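Labels for the chains are A, B, C and D, by order of writing; each one numbers its residues from 1.
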């Protein structure tokens, strides 16, 4: 992760319904963990929760995900989800993430989300304003 | 199931992500199967899809569920979900359901959902109109 | 809830992927919250985690659920899940639960799970031993 | 998609519980659709179902996913999931996928899964045998 933007962290606990037939966390749930971390961090760290976007008729959709699965996660484990903005341009923001095992700090997964801001009225991409960029430039 | 209202059927295929750490369908997914069946049957059998309710600013919420789990469901199986209105009163409808294994007809689960119709504008219960009752009295 | 057995509590945070098209927690996720609370309490309160059952070739399956949905749960809310054994007999345990909104204490849901202990070797019900009953009789 | 390996198809129907607070299919469910399609195709097209791998103490885990979300999917829609092996090497197989809207053929999503074959006894990567490669080289 680079040094331009801050790295924010969220601790999550794995739920039994996250475990699949292989006895570890189901692969698609990793995406849900990153989503949960971003919601938490929008409120806690960026001081601009999803609710405030919604009030302005704005929303975020996921346009692309690259994810590597490096270690299985098991029931009873806690994870630390770290995210960091890499860049923002037009209507899109690239966010890097790391999922670490809380106890050992070992990396369970890493990758990148590409988010697009949309107008919830039109469903079309909406250019990210300077105000939002400055709020996220921490 | 009684004889007053028709019994409608929907065939569903179990997905890998429905299987939990015990190697069979996760208990809460049975509720999702009944929901999927009702949506299918509203459109296919009652000729009044959820979309039409939404256009009238109406929605349905689940107020109570009683469910018995009788046989485990496994990956690769298909199921037949049978539902039947038991009664309608005020803003509420009771719907009985059966989940059968498609191949053998053996009962995997049975129970009842209590649904409440709400106004999506106010979020409050909305009396089920005679028109809707007649549409569902088949 | 009665006074014979202790009431145990677990605090959970709602995740964005728990929210459905109606904008509140999806009905079947309430069952997952109770499951998560039981796992947490088996370890934290009963001092006999699911792992210990598994080591003894034992497991728990859900045989029946009765659940009432009283208040919608929203993104950003925390919940307190209270559970209490009502009775144990043969291979089965009845567990009452309450889901409260953490901030207000208002009841979002209540009901009962009927669990059956099984041998993971045979898949058949296994009589709950005196040792387990005494461990759970708190 | 290239011409070396066959392209296989699976039709799936979107379930109500796949829809999230934004009113369209939740992003992580796309991964579940690809998983469901692969299971279906292993049985239907490759004539070597997951069960046969399990009997040989082999399993498949997801090591990486690249996915682009191009069009939202809505309740009531059917999708066609196309997958195609791109290459196999050591313990890993790259599989390209396309998710199309069944009615229009428009692409909703595309990307690639990297799967690793593991020994379920050791949990470690297992070299893909010539027999498996030949079975999958269609």
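In this section, a residue touches a chain if its C-beta (ideal position, glycine included) is under 8 Å from a C-beta of that chain, and two chains touch if they have at least 3 such contacts.
These numbers come from a predicted model, not from an experiment.
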So which chain is the furthest away from chain C, centre to centre on CA atoms?
-> D
Which pair wins on C-beta contacts, A-D or B-D?
-> A-D
Cα centroid separation between chain A and chain D, in whole Å?
-> 24
List the centre-to-centre spacing of chain C and chain D in whole Å, with centres computed as mean CA coordinates.
-> 34
Between chain B and chain D, the Cα-mean centres are separated in Å by 29
Note: chain C residues in touch with at least two other chains are 16-17, 28, 32, 35, 75
Quick one: label the inter-chain contact graph as line, ring, star, complete or other.
-> complete
Which residues of chain D touch chain B in their complex?
-> 15-17, 32, 35-36, 39, 43, 49-51, 75-76
Give every residue of chain A touching chain D within the complex, in rising order.
-> 22, 27-29, 31-32, 35, 59, 61-69, 72
Would you mind writing out the residues of chain C in touch with chain D in their complex?
-> 16-17, 19-21, 23, 26, 28, 75
